[in-house]
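A, B, C and D label the chains in the order they appear, each numbered from 1.
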Amino acid sequence: MSGNGFGHLFRFTTWGESHGAAIGAVVDGVPPRLKLTEADIQPWLDRRRPGQSRFTTQRQEKDRVEILSGTFEGLTTGTPVSLLIRNEDQRSRDYGEIRDKYRPGHADIAYDMKYGIRDYRGGGRSSARETACRVAAGAVARKILGDGVRIRGSLVRMGADRIDPAAFDDAEIDGNPFFCADAAAAARWEDLLGRVRKAGSSVGAVVEVRASGVPPGLGAPAYDRLDADLAKAMMGINAVKGVEIGDGFAAAALSGEANADEIRMENGRPRFLSNHAGGVLGGISTGQDLVVRFAVKPTSSILTPRRTITRSGEETEIRTRGRHDPCVGIRAVPVGEAMMACVLADHLLRHRGIDSARGG
Amino acid sequence: MSGNGFGHLFRFTTWGESHGAAIGAVVDGVPPRLKLTEADIQPWLDRRRPGQSRFTTQRQEKDRVEILSGTFEGLTTGTPVSLLIRNEDQRSRDYGEIRDKYRPGHADIAYDMKYGIRDYRGGGRSSARETACRVAAGAVARKILGDGVRIRGSLVRMGADRIDPAAFDDAEIDGNPFFCADAAAAARWEDLLGRVRKAGSSVGAVVEVRASGVPPGLGAPAYDRLDADLAKAMMGINAVKGVEIGDGFAAAALSGEANADEIRMENGRPRFLSNHAGGVLGGISTGQDLVVRFAVKPTSSILTPRRTITRSGEETEIRTRGRHDPCVGIRAVPVGEAMMACVLADHLLRHRGIDSARGG
Amino acid sequence: MSGNGFGHLFRFTTWGESHGAAIGAVVDGVPPRLKLTEADIQPWLDRRRPGQSRFTTQRQEKDRVEILSGTFEGLTTGTPVSLLIRNEDQRSRDYGEIRDKYRPGHADIAYDMKYGIRDYRGGGRSSARETACRVAAGAVARKILGDGVRIRGSLVRMGADRIDPAAFDDAEIDGNPFFCADAAAAARWEDLLGRVRKAGSSVGAVVEVRASGVPPGLGAPAYDRLDADLAKAMMGINAVKGVEIGDGFAAAALSGEANADEIRMENGRPRFLSNHAGGVLGGISTGQDLVVRFAVKPTSSILTPRRTITRSGEETEIRTRGRHDPCVGIRAVPVGEAMMACVLADHLLRHRGIDSARGG
Amino acid sequence: MSGNGFGHLFRFTTWGESHGAAIGAVVDGVPPRLKLTEADIQPWLDRRRPGQSRFTTQRQEKDRVEILSGTFEGLTTGTPVSLLIRNEDQRSRDYGEIRDKYRPGHADIAYDMKYGIRDYRGGGRSSARETACRVAAGAVARKILGDGVRIRGSLVRMGADRIDPAAFDDAEIDGNPFFCADAAAAARWEDLLGRVRKAGSSVGAVVEVRASGVPPGLGAPAYDRLDADLAKAMMGINAVKGVEIGDGFAAAALSGEANADEIRMENGRPRFLSNHAGGVLGGISTGQDLVVRFAVKPTSSILTPRRTITRSGEETEIRTRGRHDPCVGIRAVPVGEAMMACVLADHLLRHRGIDSARGG
């Protein structure tokens, strides 16, 4: 297997399975002399942690992060920051029928086709648990970005039910178990997800991540575009099936007139009158808010029997019992925020390295 | 500027501006002894070539590709394949007002913010002309994939008008100037785009690319997922604002039951009863058809005046005259196909290098 | 800081400082289903471990390796192999004068110039302790190479005293504390190094690493040459100042006639009559023994006072007391072996990925 | 084949065979707004050009470089700089016996083992002609480094005959056909090489490259050390068999006392009293002169018959007629300079990106 690292100058590599002793991340490309302690990382992990409401898996993990290297007296030394999170709740359980049966909609069959391995215990590297490492790495990235860059994710749709954009209230996001910025929608979702959970079913969602204070000029116009790297980052999160920037798929229906973000001057600086572009033009940030959305499919772990086959090729049915999230999109919110932080930190260092070095 | 290369083992690097002498690509990571001549590449370039109907820019470019290195007696030698395409139609023109004014919705302002350079002649590396190099590199990638993998793109939506999936006819795609698989839709679009063009306006689109015959097992479960690399590839095409795999954003509205692709056996091999996943589970190909869609925004080059500023910060208006595509999504179809070929070739080599080497 | 990873397909990333809680390596690009347990790694670490004779530092470290991820039931799963080695002997000591004074010949001044950090405790990432991680990663690489590839390092020179090549006896290498293949030289070195140690001085050395059973065809002719990657690998070991392949610098004095390794047939395969090339031609392995040598400078930790400056720019003198190796070249032997294993494993995977895929 | 690119942020990719239409390099990672025209590159190519004295191959190549992209009105735009050099002297010749016979000491047998291809015309990518591209890329790198960094190579040994270091005169280097800084040695070499040439033989050499004005702090302490990257760069030049930094292999014979570069203050800055380290400590530049030497083996193209085999496995003999360099080390001098420039430019951008960003 390859591809367990992400980024170019700011680069992290993650390891660990959900049912091993621990998981972790090694973050390379950290500038020296940044303030960093566990207390800078833990709050972000706490937001992603399972078991906090009845709407996420009841697996109990404290997700305590330990910094094993890369800091001295509360400052980064520039050396790799090694982050460790122990797995605590690996309760012995009866894997029963999932041991030999593939789950329709789950990665297990593809994984087995590729590696010849059936890690029935928890999905191996496909486990959502791996995303805790992304959140930890994202916390380091935020230190590079500094306080001027603010990254905020929320759930804007659960199943077919969307929030009302006019009701979007940033202060509401942490006031409900869904990271929902629309109080009325949150109330509806509580009901919706309660029913889904009781039915042993699951539902998809759409997450939106916004970053404000992003300096203009991050990115590049060919392949390492800021939007392309964000697309890779978000599509690389478990269960994500779509990514869009700014107006995204809706832009396909627009005319050129409607799509053009007109420009005026304000306090001596360009000001865009709208943000259809979502903060990126030609792969480069414009200084407007960066707006990314991604679609999360419903988890494949459901109680209703589905037709499937066994490893040995016999046709059968499967029901998945166990501790699962009825809407995995909820816990994808902090993960999306973290991935955006990592992409921005990487592009900030790249920009500083090459393009800020412009001649006279 | 960095990031002018794409891929890991199969890796190409492109260069050139739309108004220089030539553009080109250097393809590294090509296995030796594959059949390759210009005749294997030219047909794909011809599909992307401008000036073929009244619905694409009237810029006249033959887009003749020359292989400068990497082949001997019709076979690849394994050395880098250097591909050259001369720019022919660089007519001296009056850049007039676009010389100093930013075009709303265009990359020129972001480019200038980053590089301190105003290449008013044609967008520098942001020019759609660069995508000819991607198509050429894609033709080399197809030789690695072999005839068993078939990649086919089409336009599935123009503006707000979608094709009827039930009317999808592969044979229709090359029968109209829109790469449209639905004859009725193509007829409607002819009318629609004619009006858009006459109005000096533009319209967005959605492109779908399908690959059949993809071997199972390509990709990896963490960051270099097949879907994540496809997302980067497609979002990295000019004017693309969204990418989705399989059901994509529609998956957010599904229940786990509806989203599960059930599995049966057929001729001793697993057969999926549906393809909501779009051929990828956990970042790894399943052997089903790979289905990717991307949204293309309308071009910013329109005749209607828009408010903007000049380089020196004065408020003004702009109208863009010149030879432009009223629907840039059309010519993005062969580009999307090429990028899919490149991603698949790269993952095929990676899979062969690491994971096909499995022990006992 | 960047650059804490090594390799392309087989890629490991190391972390940790000599005076933190632990050090470690994350190995990515491991094929699935290889046999791997701690018992496959520990013996190589034991060879590098300090405190085994009076000729190496008396720091007491057990260097027990723990596999935190990437294996299941004794087989690799393909997922990243995370290796942890705890630091045990971090005795509180009086850093005294080295706290503020730079050691002539030591990296501390360059490190401080770059990072603005003075990690007087143990050299930060410049510490020789980091090389334990390379040895651990090398043990994983050996599993990829299989038993057919045999890698063996030895000390061929201590100070000005060289071994007699005619007396080279592989079986002798583990019979003395110097990894010396010439029993007579080992006896002389025992005397020599005893005197150096008592004088509080230090001495340089030359290490030779040989690999037999290397398949022909590893490497590439341009930049990622097998010899170039070996040069980077060996020059990247602490205190190394020179690297050579085959005849190395002596080749400069040869005529073309003398340097040519003539070729005959033997059992239907090419056989070279000599090995001036050291197993590499044009950056590609030939199937002959791979022969690499590297020069290790004497450690800068010596008792004789040397003129230096303090961090604040005052002129002064320094003597380094403490637990140090009088000849750091000795412990570089297992490190050189490990780096060769990693380079070979990486090139084996790359070759398999791209070039073994040659067309008909 | 892979590995035709070099560098991380400043990264160039080369292509082309000696007997094709042209060779070239694409340079990515170039900061915008640097002055660059062909006149900045051509002089460096002229120094490497063959046919300038009777001591280099009589192949006649003008080596005229063309910039195909990346500049506008004499300034870099930041976009990739594509450099083209046409092959002119591809005279039709009788390859005679080298068509089917391997040349002992030449890469042709290894190349064929790997790729299954026999490019008897000129060595494919193993040809020394490829190094012209490195020289061109190096000229771009010098623009990034600026005039403050001065890089100067010379031949310090031909065969067994070394220069007298005390007689080293920088002004002498361009006054003889050997890039020799010692006039007396140059006179001896004229005689020596005349005899070698007449005998149809060849001889090895040692090249030294020095850089002054290198800022302290370039490099990193683990794998991407400045010295490790220089070792890869130099060992990657055709026919190179050894690389050393500072005292190099001689350091193995030194005591710690002799090897320590003592430090004093001068004008408020550290001054080293000697330079055994060659300007690098712990992989990081110290601000002292960077001193690298590499050994070049004698070319395998000689008139004396050598025993070899044919492609089909028959034992035979071979003599190589044709236009060859009796001492390929001479033309390696500008190549070594160029590679040092590329390594320094890359590390300068990396340092600026990550480590210069240090917190408060």
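To be clear about the criterion, a contact is a pair of C-beta atoms (placed from the backbone, for glycine too) under 8 Å apart; a residue touches a chain by one contact, two chains touch by 3 or more.
Owing to the predicted nature of the structure, the values given are computational and were not obtained by experimental measurement.
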item	value
Cα-superposition angle relating the copies chain C and chain B, to nearest 5°	180
Identity of the chain that, by mean CA position, is farthest from chain B	C
Copies chain B and chain A - interface residue numbers shared by over half, same or different	same
Geometric centre distance via CA averages, chain C-chain B, whole Å	46
Whole-Å separation of chain centres (CA-atom averages), chain C against chain D	26
Geometric centre distance via CA averages, chain C-chain A, whole Å	39
In chain A, residues with contacts to at least two other chains	1-5, 9, 14, 29-30, 32-33, 78, 115-116, 124-125, 350, 354-355, 358
Complex interface listing, chain A residues touching chain D	9-10, 29-35, 75-76, 78, 144, 349-350, 352-360
Chain A residues touching chain B - in the complex, by the definition given at the top	1-6, 14, 102-111, 113-116, 123-126, 130, 157, 159-160, 196, 201-206, 216-225, 227-236, 238, 240-265, 268, 270, 273, 276-278, 280-287, 295-302, 304, 306-309, 313-315, 329, 350-351, 354-355, 358
Interfacial residue positions of chain D with respect to chain B in the complex	1-5, 9, 11, 13-17, 20-24, 26, 28-30, 32-33, 68-70, 72, 77-82, 115-117, 119, 124-125
